[in-house]
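First comes the structure, then the notes that go with it.
Here the chain labels run A, B, C and D in written order, and each chain numbers its own residues starting at 1.
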Amino acid sequence: MISDWSLQRVESLSDGVFAVAMTLLLALEPAVPRSITDFAAHPTFGDVLQLLPHFRGVAASFFVTSAFWIGHHRLFRLLVRGDLALVWMNFLLLFGIAIEPITTNLLGGLERPMVVLYAANFVFVSAVLFGMWAYALIGRRLVEPSISTRYVRAVLFRAAIPPILFLVSIPISLYSTTIAILIWLLVFPIGFSMAQREPSAISRQS
Amino acid sequence: MISDWSLQRVESLSDGVFAVAMTLLLALEPAVPRSITDFAAHPTFGDVLQLLPHFRGVAASFFVTSAFWIGHHRLFRLLVRGDLALVWMNFLLLFGIAIEPITTNLLGGLERPMVVLYAANFVFVSAVLFGMWAYALIGRRLVEPSISTRYVRAVLFRAAIPPILFLVSIPISLYSTTIAILIWLLVFPIGFSMAQREPSAISRQS
Amino acid sequence: MISDWSLQRVESLSDGVFAVAMTLLLALEPAVPRSITDFAAHPTFGDVLQLLPHFRGVAASFFVTSAFWIGHHRLFRLLVRGDLALVWMNFLLLFGIAIEPITTNLLGGLERPMVVLYAANFVFVSAVLFGMWAYALIGRRLVEPSISTRYVRAVLFRAAIPPILFLVSIPISLYSTTIAILIWLLVFPIGFSMAQREPSAISRQS
Amino acid sequence: MISDWSLQRVESLSDGVFAVAMTLLLALEPAVPRSITDFAAHPTFGDVLQLLPHFRGVAASFFVTSAFWIGHHRLFRLLVRGDLALVWMNFLLLFGIAIEPITTNLLGGLERPMVVLYAANFVFVSAVLFGMWAYALIGRRLVEPSISTRYVRAVLFRAAIPPILFLVSIPISLYSTTIAILIWLLVFPIGFSMAQREPSAISRQS
C-alpha cells in the first residue's frame, strides 16, 4: 500500500530543522565572545578557561536534542505510512525543537523562572513525541499490523517517561534547581536502556 | 520516461530552505531577550510570562509556513517529471518563504502597514503555489495523463483559496487588522478540509 | 560500476549549503529593520515602501544563486561517478556560494569597489563550475562514454559564458557600475536558452 | 540483514549540520563589516583589500571542515549497518563541527590561547572520527566481514594521523603559533594521499 505521504520528505524536513536548531544553539549563545576583540589585547589561558562553562549549557541542550532525534528516528523507522495528523504533530514537535536555542540561552545562569521555561519546552517536545508514538501504534494505525501488543505497550511505557520526568522537574525546581537538572539528565540512561531492550520490530528498509 | 530533472533534489533544496526559514523565524525574533543578562539580576516568573506573547507571532508564521510545506509536498507527490519553468517557479516560492522571517518580525505590534506587508508576502507565496499547481496539472503537463478532470478542477479550486483570502485581507486590514488576521487563520481549516476531501490520485512511490 | 563516492551525499551537502546561503542572504541583510522598534511609534505606508529597495539586492543574489544551483544540478544529473578531485572542486564552489551573503550585503549602495568584489565572487563561482564541467566531460571522465563530442563542445561553450561575462564586468564597472550590473543580468537569458537547446544526454535515474 | 538504523537519515542529519556550520563560519565572522555603512561614505579599493585577510581564517576552517566531511563520507560509505553507539559517536562529532564557527572566530588574531583552543577543537573532532573508524572496523562490527585485515590496518593508521598532528600542535604552539598552523596544513596532503592509496573496499551502492 502506497502512502499519500512521502515519509522521506517529512524526515528530510525534520532533519533540516534539527540540524539548524542544533547548530544555532551554539551560534546564538550570546555569552560566548564572538571575536578576539571582546578580550583584552592579549587574552590569557585564563580567559580561555573562563569560556568553557559557557559551552556547558549548549552542550547539554545539544545532546538532549540528539536524544530526541534518536526517538524521532526510531518512530519513523517503524512507520509504514503517514497521514495529515501525523505530519501536523511532527510540525508541533519541530516547533518545540526550533525554540530550544532561545530557551537554552535564557537558561543561562540557572535562574529559577528560566529553569521552569526550559523544562516546559521539553515537556512539550517529549509529550508531542509520546503523542506521535501513541497515534501511530494504537490500532496499528501507521505501522505493520503484525507488531505485537507487548511491543506496543513496552514502547509507549518508555516514551511516557521523558514527559513525566520533565513535568515532575517543574515543581521540584521551585525547591531546588539542581535536583531539577539532575532529573533531566536521567533521560539519557533511560533512553539508552530503552533502546537496548526494545525488540526490533519490523523495519522499513533503509 | 526519465525526467531531465531530479525532483528529489528540488525537494531536498526546498526542504532545506523551509527548514532554515522556519528555524530562523524564531532565532531572528529581536523582541525575545537572548540572554539572561537582558533581565534584572533575578528575573521573576512575571518576566517569563511577558516573554510568551513574543512567541505568538513566530508561532503563527511557523504553522502557516508548515501549511505551505504541506501544499508543496502534495504538489510534488503528484509530479512525475519536472521542467525548467517549474524549477524557476519553485525558486520564486522559496524566495517568498525565505523573506518570511523578516516580514514576520516586522509584523510585531500589528501596525497596519506591517500587516499589509505580511499579507502581501503570503499573497505572493500562495499565488506562486497556485501557479505551480496550474502549470503542472493543466494539460497534465507534469503529472500522470490518467488524472481525471474532476480531480484537477477540485485541486485548482482549493489552491486558489489561500491567495484570494490573503489578497482580500489587505483592503480589510485598512479598516480592521484584527479581522484581517482572523481571515488568515481561515487558511488552516480550509487546508484541512482540502486535504481530507481530495481523492488520492496516482502517487509517486516514496 | 559502483563509484567509491556517493554522489547523492555530495548533492545533499551541496543543497544544504545552497539552502542556508540563500536564506541567510535575507536574514543577514543589515539594512532591513528587524523590528518594529526601529521605526517611529507608528510606521506609515511610506516607511514600508522605503523597505522595498533593500530587498532588491538580496532578491538579485537569490536568483543568481538559483541559476548556479540549476547549473550544479544539470552537471550532477549527468555524472555517473565521482572522484576526489570533483569533490574538492565542489567544496571550492560551495565556498564561493557561502560567502555570497557577505558580498551581497557589502554590495549595498553599489559603490564601485563593492561591485568589483561582488563580480569577483561570481567570477570565482562560475569559473569553478566551468572547471567541474570540463573535468567531468573531457575524456568522458565521470560521465557515460556514449555522450557525443558535439554535446560536450556545446555544453562547455555555454558554461564558459558566465565566468567571461562576470570577468568582463570588472573593468567595465570602473567606467559604469550600471553597465556592469546589466551585464550580470545577461546570465539569466543565456542560462535559459542554454537549458532549452541542450540535447538531453543520458541521465541518471531520479 | 536490515539494520535497525537508517544510515541514510544519520547521513542526512550530518550533512545538515556540516552545511549549516560551514555557512555560519562565514556569516558569524564578526570582523567582516556587514554593511557598506560600516565604511566611510565612499569605500576605496584599499578598503576592499583590507577585507580579504578576514576571509583567510574562515576559508581555512571551511576547507579543514571539508576534509572532515570527506572522512565522514568515506566511513559511512563503508558501513553496512549502524548501531546506537555509532549514532552517539556521530553526535559527538557533530558537536565538534557545530562549535567550529565559534573557535574559528576566536582564532582571529592568532593569539596563543586561541590557537590552543582551536587545535583542541580539531583534536576532539579527529579523535572522535578515529574512534568511529575503529569501532566500525574492529571485528568488522558494522562493515562487510570480507574486508581484509590489511585494509583495516591501513585505514586506522591513516585515521590516527590527524588527531596526532592536532595534538602535537598544541605544545608546539606554545613556542611558535606559526609552526603549529603549518602542522595543521599537513592534514590536507596526508588526507589526499590517504584517499589515493586506499584500496576501494566493498561499497554500499549509491
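Just so we're on the same page, contacts are C-beta pairs under 8 Å (C-beta built on N, C-alpha and C of every residue); 3 or more make two chains touch, one makes a residue touch a chain.
Here the structure is a predicted model, which means the values were calculated and not measured.
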item	value
Turn needed to bring chain B onto chain C - CA fit, degrees, nearest 5	90
Same-residue or different-residue interface between chain A and chain B, half as cut-off	different
Whole-Å gap between the CA centroids of chain C and chain D	25
Distance between chain centroids, defined by C-alpha means - chain B, chain D (Å)	36
Junction residues of chain B - those touching two or more other chains	12, 15-16, 19-20, 24
Chain D-touching residues of chain A, taken from the complex the two chains share	11-12, 15-16, 18-20, 22-27, 29, 32-37, 39, 42-45, 47-48, 51, 55, 59, 62-63, 66, 69-70, 73, 76-77, 192, 195-196, 200, 203-206
Residue ranges of chain D in contact with chain A within the complex	2-10, 12-13, 15-17, 19-21, 24, 28, 30-31, 84, 87-88, 91, 94-95, 98-99, 101-102, 105-109, 111, 113-114, 116-117
